[in-house]
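Each chain gets a letter, A, B, C and D, in the order it is written, and its residues are counted from 1.
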Amino acid sequence: MENESLWYIFINASLISNFVLAYFLGICPFLGVSGKLDTATKMGGAVTFVMLISSMCAYGINALLIAINAPFLQLISYIVVIASTVQLVEMFVKKMSPALFRALGIFLPLITTNCAILGLALFQTNKGYGFIESLVYALGAGIGFTLALVLMAGIRQRLDFADSPKVVKGTVITLLIAGILSLSFMGFSGLGG
Amino acid sequence: MSQLVKDPKEKSFFTTLAESPSTNEFIKGIWKDNPVFVQVLGMCPVLAVTNTAENALAMGFATTFVLVMSNILVSLLRNVIPKEVRIASYILIIATFVTITDYAIQAISVDLHKSLGAFISLIVVNCLILSRAEAFASKNTFIPSVLDALGMGLGFVLALFSLGALRELLGNGSLFGMSIFSDNFQEWIVMILPAGGFFTLALWLLLFNILKERRSHGK
Amino acid sequence: MLEEKSSIEVFGQVKNTFKHGIHPPEHKDETNSLPIRQFSFAPVVTLPTAQHLGKPSKIIVREGQEVLRGQLLAEADGYMSVPLHAPVTGRVRKIANVPTISGKMVPGIYLESLEGAGQEVIEGEEVSLESSPEEILSGIQHAGIVGLGGAAFPTHVKLKIPDGKHCDTLILNGVECEPFLTTDHRVMLEQSEDIFLGIRYVMKATGAKNVILGIEANKRDAADFLKSKVPVDLPLEVRLVPVKYPQGAEKMLITSLLGVEVPSGGLPIDVNAVVINIATTAEIGRLLPHGRGIQERVITITGPGVKQKGNYLIPIGTPLRYILEEVGVEGTIREVYMGGPMMGVAVSNLDISVTKGTSGVVVFAEKNVTATQPEYPCIRCAACVDACPLSLNPSKLGILAKNESYDLMAEEYNLMDCFECGSCSYVCPSHIPLVQYFRVSKSIVRKRAAKKQPTHA
Amino acid sequence: MLNKTLHISTSPHLTKGITTVDIMKNVVYALLPVAGYAVYAFGWDALFLLATTTLSAVITEHYLCMWSGKPTTVGDWSAVITGLLLGMTLPPAFPLWMAFLGGVIAIGLGKYVFGGLGNNSFNPALVGRAVLQAAFPVAITTWSAAFVSDRFFGVSSSLLAQPFMKPTYDAVSGATPLSAFKFDGVLTGSYELAFGMVGGSTGETSAIVILAGGLYLASRNMLNWRIPVSILSTVYLFSAIFHLINPETYPTASFMMFSGGLMLGAVFMATDMVASPLTPTGVVIYGVLIGLLIVIIRIWGGLPEGVMYAILLANAVSPHIDKITQNRVYGTTKQRQTA
């Protein structure tokens, strides 16, 4: 897949194969923090940030693993790296920008178990992306995740005041809306090709 | 949920089984604390690989395997692992078993491995496994931990299968790849698309909610 | 048809108007050509002591006492209060609770009019134009004058310029945007001398150098008449403003005439302006030179349920039942409002009497009232958003009110700015009682705020 | 007669006299000529199809209300609009059982779960159509030609396909102007487009009739004219620019304007009051967004038509548009930004 343009990689990761709406990655935070726009935006920002960093790390590790011929360590090293990256990012942000930390603080630990991050690392390896491509892919995925989260938050905030039936309130309606959003995103198929 | 046990009819059915606490560890995961329908855990694989019944079962059993193995190891090592690094150790244990599973599936069937893709690896971050390790296996002995893992795993398999079967049946007119309806059956392609995953899960959860509602009304 | 007419006016005067607003049918043609007529005296008038905003007045007469028309019956109880004068010559029959429009009973006076009495108004001490601003304000208070437009806010309080502020422009409100009402219209046509004199008093009291009289374009005759009569030494500018509800609201009129907005939560004086109703001005000009108190006012008695519609000079305290018996009603009456139909209050009981703040009585008979429409969910048609003169979001506010999110309404959607003009409810196709929601919400927010902060006073 | 108890109501005591039901009914009136033209163009097929979707929407609405123990809301006519609109977005020879299913989904998924009238975040008809499109991609893109001579002598066999069974198609099937352009590079003339002498969804073929309905509603203030105007002008502007840059690859602006579901979508679908923004600035942003998405999907996307997706996506964005375009409240200095 060497002939994929950066533009296509970006559109594909953010819109066509949206991590949440097409790959179901990061569903837990999607269901959990999409209730309020404020938290949704912050979570999106945090995820995008961590995605960019862990994408870089994963690229480096993969190169290393191939060099020492130990691909079976891939998964273990990825998960360790992501977990420690999140820890490092948390400490770093705390030092450098207390304001940003206050905003993102509680979301950072949650990201460790966000499958979107690990998924991103695995996908970029499977697709054989180079360094720049990996970064663009991570950026697209992060923005796509944020977009899905923010759209959902807007709709759910409106639903807070709606008279929706008791049996669908909560997870059911969120899943149904996600389904409709997923259908709407199908309109992007074939773009950027 | 607790109404289920309080319900007199259900009780008579459960009484004999629920005599021993270990039976209860096993049963709860299947129905009362079903990881998918009640706890809403491990959503990614539930939605992503349930487009056919076969994928769903494979994923379910793979997850159960990792769940059981990591529960065993965690329960055995629970007094050895220092408290500070326990989560990291759990993740390492889980990642090891996932890697083993990944290679095992590749060895058994390349096709299956292909259709499940990266989602086998993603079992690592299935919150169900980590939550059982942390919430149960780290506090219990070997036997209950195995039973708990088996119960939860079976509950997970059941949930995945009910999704996969419905999606394959409507989306492809088949079950385990065998045609069920007449040749002329019109497939509902949407069911095997991502959106269908969301809709089907929502439908099952809705059914559960309606059942709950009915029971709490009937009481 | 009415809408078309007014939109042409708007087109000619694009600048001098406020945003949004509505065009309810005016219904003014039935009474705007009828001269003001003196109404007869009711055998008994009932006078609540709370006819104004603020503290009720203190009764100083006793039962059985005979009083002359214009005599002081109750004196002002503090600064935020005005006295009450006898509207008829008669005898105090009873001092007891009287019914009011709010449904509450308040202390008041039942005054029996003496048949055959002369009904001349007694004179008091003249307040001349040479008096100091303070003396004029005190004269206004002693005359018992309150805003005759409907709010009944004590006029001397309103005209008092707070320390550190100053008044550049005095705005006279001759808009009368409420449908059906024509009292201000008639006052402008018939009491020009009182108005001009009143302006001089108010200018002196406020120190204003410019005076603008805003008149809605449907009262062009009144505007032309006053323009032709303005004394040369009076810096009065008469300006037409487009016909649009609620043009008569203070804030809206200021925006239309001066092109500025009163800050949220502020008063007209924050933009160096004072707004006073035209009929109130006329009353000041009429009463102050004679030191008299207010005993009667012009009220439009109208509505499809009334036989002899008209603009009447009616003694304060005349019971509605007496008024309606005198003018006659068509068939069975069903709804009676005091004030206009947009902001007026429905009357539950005809024993209520007209007060200083009553600008009109509108009567609907059984056959004029359509059945109450069922309420539908908000369909977000945005009609209310396009109607609200304050550019609030009534749709969102209504949804929040239904969900009892009062604090959110006040903090993020400017609930407390709403002055309940009723434009949103008027246009709502789903018949959601928005204004009623906001009224309740505002009072709850006020109560919560009062609970949080123990009173300073 | 002054002794009768008086009726008490809170102010204001006047109302404009237009009710929500009036608005809904008038939308139906505006849709009827479109439906009539569809029947004229496609014969009994269109009639059966529109009747099925309308009936299905109304029945679903009624039963869902009964099921949740509420008084039926069929009387507000909104379900009729949803049903009619859904039918108009489907191909004339679309199997009736699928159409019926679409009506159930439109009301059930598109409206009921959100809490009924006034709460639906998406246009219900388009939700129904989107699910049908994803479920039955072949059936929903099999078009029959308009003005076939025997259109009033019986119905297409595909229409009467047995429930859950694949339809069989008669020989004649026409491509839509958009798919003809996208996949074969054939450009249809403007006259044919304006008068609906082309294949396509049941209700989208004649731009003129649709525009007339829109004008009627806009003149009665029952439709926010800013939405169709901003959508259509955006589409016109952008397609004109692209056509100027490269007339070989990009179709003319008038072709873009009059083909596919643009007119129907811009006039009747995007203007769904419930799912569109409230503020005057907001609706313009919303319209421009829809227009842009339509142009993007039609020109660069893999699909020939993007109106449905564009509107659904814009529906999803509209709470945010509302939020950032709140009117500046009188007497305040800055735009209110609500969290």
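In the analysis below, a contact is a pair of C-beta atoms (placed from the backbone, for glycine too) under 8 Å apart; a residue touches a chain by one contact, two chains touch by 3 or more.
Remember, it's a predicted structure, so these values are computed and weren't measured experimentally.
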- Item | Of C-D and B-D, whichever chain pair has more C-beta contact pairs | C-D
- Which chain has its C-alpha centroid at the greatest distance from the C-alpha centroid of chain C? B
- When the C-alpha atoms of chain C and chain D are each averaged to a single point, how far apart are the two points in Å? 49
- Between chain B and chain C, centroid-to-centroid distance (C-alpha), Å: 71
- Note on the structure: Cα centre of chain B to Cα centre of chain D, whole Å, reads 41
- Query: Approximately how many whole Å separate the CA-defined centres of chain A and chain C?
  - Reply: 61
- Residues of chain D touching at least two other chains: 109, 116, 118-119, 131, 134, 339
- Contacts with two or more other chains occur in chain A at residues 163, 168, 172-173, 176, 180, 183, 186
- Message: Counting only residues that touch at least two other chains, what does the list for chain B look like?
- Response: 190, 193, 195-196, 199
- Task: Report the residues of chain C in contact with chain A in the complex, numbered from low to high.
- Result: 377, 399-400, 402-403, 405
- Message: Give the list of chain D residues in touch with chain A in this complex.
- Response: 68, 109-110, 112-116, 118-119, 121-122, 127, 130-131, 133-134, 293, 296-297, 300-303, 306, 308-310, 312-313, 316-320, 323, 339
- What residues of chain C sit close enough to touch chain D in their complex? 18-19, 22, 24-25, 179, 251, 255, 261-266, 321, 324-325, 329, 331-337, 341-350, 362, 364, 369, 372-373, 376-382, 385-386, 389-393, 395-396, 412-414, 417, 420, 422-423, 425-431, 433, 435-436, 439
- Message: Looking at the complex, which residues from chain B come into contact with chain A?
- Response: 40-41, 43-44, 47-48, 88, 91-92, 95-96, 98-99, 102-103, 117-118, 121-122, 124-127, 130, 190, 193-199, 201-202, 205-206, 209-210, 213
- Listed in rising order, chain B residues that touch chain D in their complex are 181-182, 184-186, 188-191, 193, 195-196, 199
